[in-house]
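See structure below.
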Amino acid sequence: MSDNSIGEKLKVTVFGQSHAPGIGAVIEGYPSGRQIDWDQVSAFMARRAPGQNAWSTTRKEADAPQILSGLNEKGETCGAPICALIENQNTRSKDYSSLLHTPRPGHADYAAYLKYGESWDVRGGGQFSGRLTAPICFAGALCMQLLKEKGIEISAHIARIGSIQDDRPDCLDPAMPLYPADRFPVINPEKGEAMKAEIEAARQKGDSVGGAIRCVVTGVPGGLGGPMFGGLEGRLSLGLFGIPAVKAVEFGDGLAAASGHGSEFNDSFCAEDGKIGTRTNHQGGIQGGISNGMPLHFTVYFKPTPSIACAQRSVYLPTGEEKELIIQGRHDPCVVPRAVPVVEAMAAMILTDMILQGA
Amino acid sequence: MSDNSIGEKLKVTVFGQSHAPGIGAVIEGYPSGRQIDWDQVSAFMARRAPGQNAWSTTRKEADAPQILSGLNEKGETCGAPICALIENQNTRSKDYSSLLHTPRPGHADYAAYLKYGESWDVRGGGQFSGRLTAPICFAGALCMQLLKEKGIEISAHIARIGSIQDDRPDCLDPAMPLYPADRFPVINPEKGEAMKAEIEAARQKGDSVGGAIRCVVTGVPGGLGGPMFGGLEGRLSLGLFGIPAVKAVEFGDGLAAASGHGSEFNDSFCAEDGKIGTRTNHQGGIQGGISNGMPLHFTVYFKPTPSIACAQRSVYLPTGEEKELIIQGRHDPCVVPRAVPVVEAMAAMILTDMILQGA
Amino acid sequence: MSDNSIGEKLKVTVFGQSHAPGIGAVIEGYPSGRQIDWDQVSAFMARRAPGQNAWSTTRKEADAPQILSGLNEKGETCGAPICALIENQNTRSKDYSSLLHTPRPGHADYAAYLKYGESWDVRGGGQFSGRLTAPICFAGALCMQLLKEKGIEISAHIARIGSIQDDRPDCLDPAMPLYPADRFPVINPEKGEAMKAEIEAARQKGDSVGGAIRCVVTGVPGGLGGPMFGGLEGRLSLGLFGIPAVKAVEFGDGLAAASGHGSEFNDSFCAEDGKIGTRTNHQGGIQGGISNGMPLHFTVYFKPTPSIACAQRSVYLPTGEEKELIIQGRHDPCVVPRAVPVVEAMAAMILTDMILQGA
Amino acid sequence: MSDNSIGEKLKVTVFGQSHAPGIGAVIEGYPSGRQIDWDQVSAFMARRAPGQNAWSTTRKEADAPQILSGLNEKGETCGAPICALIENQNTRSKDYSSLLHTPRPGHADYAAYLKYGESWDVRGGGQFSGRLTAPICFAGALCMQLLKEKGIEISAHIARIGSIQDDRPDCLDPAMPLYPADRFPVINPEKGEAMKAEIEAARQKGDSVGGAIRCVVTGVPGGLGGPMFGGLEGRLSLGLFGIPAVKAVEFGDGLAAASGHGSEFNDSFCAEDGKIGTRTNHQGGIQGGISNGMPLHFTVYFKPTPSIACAQRSVYLPTGEEKELIIQGRHDPCVVPRAVPVVEAMAAMILTDMILQGA
């Protein structure tokens, strides 16, 4: 268990801080002999990139990763670790200088100070920055290419923004049409518009808003996972809680099930053309920690971005006195839309690792 | 990562099946030179034990663990792994014989069959049985004695049974009075009675009901945890999802935060007598994956017990034909009350490991 | 990395002390659906058991393991962890009472005291006792049954006792005849007699003698292992150094190679009937940490048993004063013969883990 | 366990291939708030660098690492992973093009082909290149600065080149003068000259020669390590066998002990001024896998460089036919002198990890 790396057979180590020379990832265990589809990687990473629309921060980034290792002279993966580096540019360090001593409510600032002391890299949130999800998207994009070969597809949609909830997918059909892999994927476009309005309203008030992302994985073979600490729920959530601002993870209809009865939530088995499945999928495709051959589905809940424009109370650490804090700069009023590919990427990393290790 | 063991510096390996000769745990890394308070261990384990009241199965168990190793001749811990064995008794194997071929909806049966084939031990749920939480309570009880020395106290209450929700603790006071460590701990006794009625109603219908457990940990030093994959949320949830029937885990007010705004959910800092804290605790004492010195709080959601008396649809695996299944025997209509000490124990194991490894 | 467990996909956790109620092992990850050949397990463990001849301690043990978990009602492995318990009997605790304060030279006593304090279990060497190799033999015997299915055979012989060196096997033939799996396996029986004489000579002087064990593994598929920290040499030696008294590990002709030239030690490739091999096997079947399809061979060096009858100098820890120490009781003058199956078992555990995880 | 990363609390992940754009390391878990002495790092890395004298390859390298992450704006470590990148230059790819199909005897070529298929990066040895020890020296140099604060010093000397053996240090004095940390450290300068002559003789014949490095660590506190799989010997050797060409590792006088008697090799305890030690140090400062407060000492054995100029037999893989192979280019006739700082660095990494995790 490590702060910055995850996985055993497919292992991803993330490095970098928001304002360091660079951020990146080292991917160990990726099979040799693959030609990566780099256009697909770029397209996937672009879904996370900022600065392209009304819902996200205006900081521009050239997030094209340089591949430092892991490819042979033909450009195939060679079995050695793949190291990808994204150089940091456009880093306005001056914006952040005072935050070391006056931690922002809701941010990692104060906890980081308690852990690392005064030396933690406060610039742009340092290693706690959402920017560190770019290397995760890189690693996830590579994993998705492996999974696709095995018939496994991952797609997530925005399940909630503030008070607006998207429709529920049925999660029964292994060939379920994917949500549009765009920058605001929803099932019900009208709900999508209402969500955008909710984000815009938050922005205009200098406020932020939370939300949720539901992820569906089709094609997962039965028998993946294990009892107790090797269960799909625990392994996936170890990764998913690694995404900044995630505060809850639900598998299947876990929350509704907690308020309901067994007679409603047990998924009856059915058989069609020799294929066994379930008539409903309240369990999210997982029983006893193990996949049952139905699509996996889970929901990841994000708190509102802590960076808001209104005055907040904090403490000036050198003296221990309370003071008012006003956060300067422009910030995402909602991280959820940009986090959709991050959720997909994290799921891809975890599932690839489990499949490669025969879990 | 392993199906049956968790932890690095304090590592717990659970073994056994419901109807094997025994179940138990091996605890590595427990500090030497401690006299365990065995009465406290027994009292803690008794909170999980079945058969004592109206809400739980009538199977009687003598769950007194035998300590096979790890103690010196004075009975102190000696630094060697502590192995505790609980022998299985009163195992009526005949009840379960037909289930191998006709999996029970909502149970691990079918997924276990996909993973292990026909050889999986179906008797009493095998290694998926809730009975395996007894060794977890044993290990957790030992950990709680270490944590208590460091001023850390863990207490959980029943936050929900079906439609009935308990009151919310404020989670601000490090010296918060503990809930009664009894077999049905709630904050509001009236809600407790309504919950018991809900369970009783489910029983009478041969149905089952879900629920939730909220756990509060006071005295956690600031700076525990880490960014990304070493965060408190991910590490705790890896363990918590190891408890049978858990389908969602929420930290702080994670679900409400996902529907709300930053201006409501950011926890302002305050300072009193040189001690820095927050005025609210929506973050659950965790920021950026790291403890901030406030009490931790999180909620674990349980689906209803899948064992219900009414007829359900299943498939007869040898022929692939659908058939009706009626589950015999008496079962807990709700696992939540017995799971309260299990949640506490799991949190104790994870936090002890993190503290011992300086995480 | 843990003191008492090893492996990832096939993970073995050893528990117990010499004079605790029991010792044993928990084996996680053993495939389901196997009928273990228990006679073979017993025969293998008997090779390690003491008390049967002139070279070993007279302590009698009934080392028959009880299987507490991991089998279904037909006695097949079921996918759950296999826990085996060996109860300790015939433990004469009184022999050891004074050693806590006057550590024996060459033993773990003083180092254990530094690590665990006065509470370490000094009786019979506690968790440092050679007796803990019995559960390792149990686990190894189970692994060997898996390996045999894949055509992998492991056999070790006594390569040296004191000044007497056994002949060298050629390690080229994948179908190499195994050494007699008896209690004193050697290639050259005359050397074997000389070795026994060396042990007997040491015994008569109240002294002890060191030695070495060479292990050959045939049938290992090419491509197992990896560069750097995943190499076969490192992974095997992590286990082999876990055997008490091991102080050096050599792969292939590593020691001779360090004194020689590349022109002598490079193994030329050859091809016969489409099968590629090497004409010599100085590398021990491993290049760049990875198996090359030739038999593996490695040698494990054991120091002499530290328990000797002559007077030695030690320190009385409570006062810090030097004093003379005379160790009572009867002890093995040489651990090497009994360690042969332990070396095989450890190799079996490591290789099984690597194969199951696709290393 | 991973091919490219090692450690738990202080974790080093090495990436790169000889002819990839770069090589480097990510170091997780390095404490925050340190100012690294970069001059010392450079001086240490220079001891490994090639091209400076008669014993090593003439390939010139600008091995100055760029620090991509892990430092705050003051240049202090900030708690985030430290990523160091060394760009590859002066890579003459053409030298290596035919080797993919005709593996070099003694090299990793054939084993790598078996593991990774035709896609493995054969250029310059790919990820098996000795060049990958540069990032290890970087990581080790940083660790040594931490260890030095705790009074721990690591120094290695060339114990053997071919038939010439250096004198033996006594390994008793915790304040033992270090060997000259130069590029050919020996205890006895006359032996050093003879060793250089041995290397030069090998070079002139187009041959190569093996050797050994002894490493001494002073100041290690007693009680570090553990029984069985957590022992200092196993943990150190897991790292040491990760150094290319290492084929044996010996702790203390392990080899001599295997040929001798307990009465000679047990280290008697002594006490002086309240400090307990041993009169001899045959155990290498380790008993039962745990440090006893005496200096650690161990010896690492290297096979001769497999690259030699004389004609060798190999197989042309596409047809499976034997053929003669002549390796072009200039190569180190002996890797041992350049490996001295690598052994020190590896020991520093392992010991730092153990100390930080309280092993």
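Labels for the chains are A, B, C and D, by order of writing; each one numbers its residues from 1.
Simple rule for what comes next: a residue touches a chain if its C-beta (ideal position, glycine included) is under 8 Å from a C-beta of that chain, and two chains touch if they have at least 3 such contacts.
Quick caveat, the model's predicted, so the values are computed rather than measured.
The chain pair with more C-beta contacts between its two chains, of B-D and A-B, is A-B.
Interface repeat of A-C: among B-C, C-D or B-D, the matching pair is B-D, sharing over half of the residue-numbered contact pairs. As a whole-number value, the distance joining the C-alpha centres of subunit A and subunit B reads 26 Å. Measuring from the averaged C-alpha position of subunit A to that of subunit D gives a distance of 39 Å. Averaged C-alpha coordinates put the centre of subunit B at 46 Å from the centre of subunit D. Those residues of subunit C in touch with two or more other chains are numbered 2-5, 8, 14, 80, 112, 115, 127, 227. Against subunit D, the residues of subunit C that register as touching in their complex are 1-6, 8, 14, 103, 105-112, 114-115, 127-128, 132, 160, 162-163, 202, 205, 207-212, 222-231, 233-235, 237-242, 244, 246-255, 257-263, 265-271, 274, 276, 278-279, 282-284, 286-293, 301-308, 310, 312-315, 317, 320-322, 359.
Every residue of subunit D that touches subunit B in the complex is listed here, in rising order: 8-9, 356-358.
Listing the residues of subunit B that touch subunit C in their complex gives 2-5, 8, 11, 13-17, 19-24, 26, 28-29, 32-33, 66-74, 76-83, 85, 93, 112, 115-123, 126-127.
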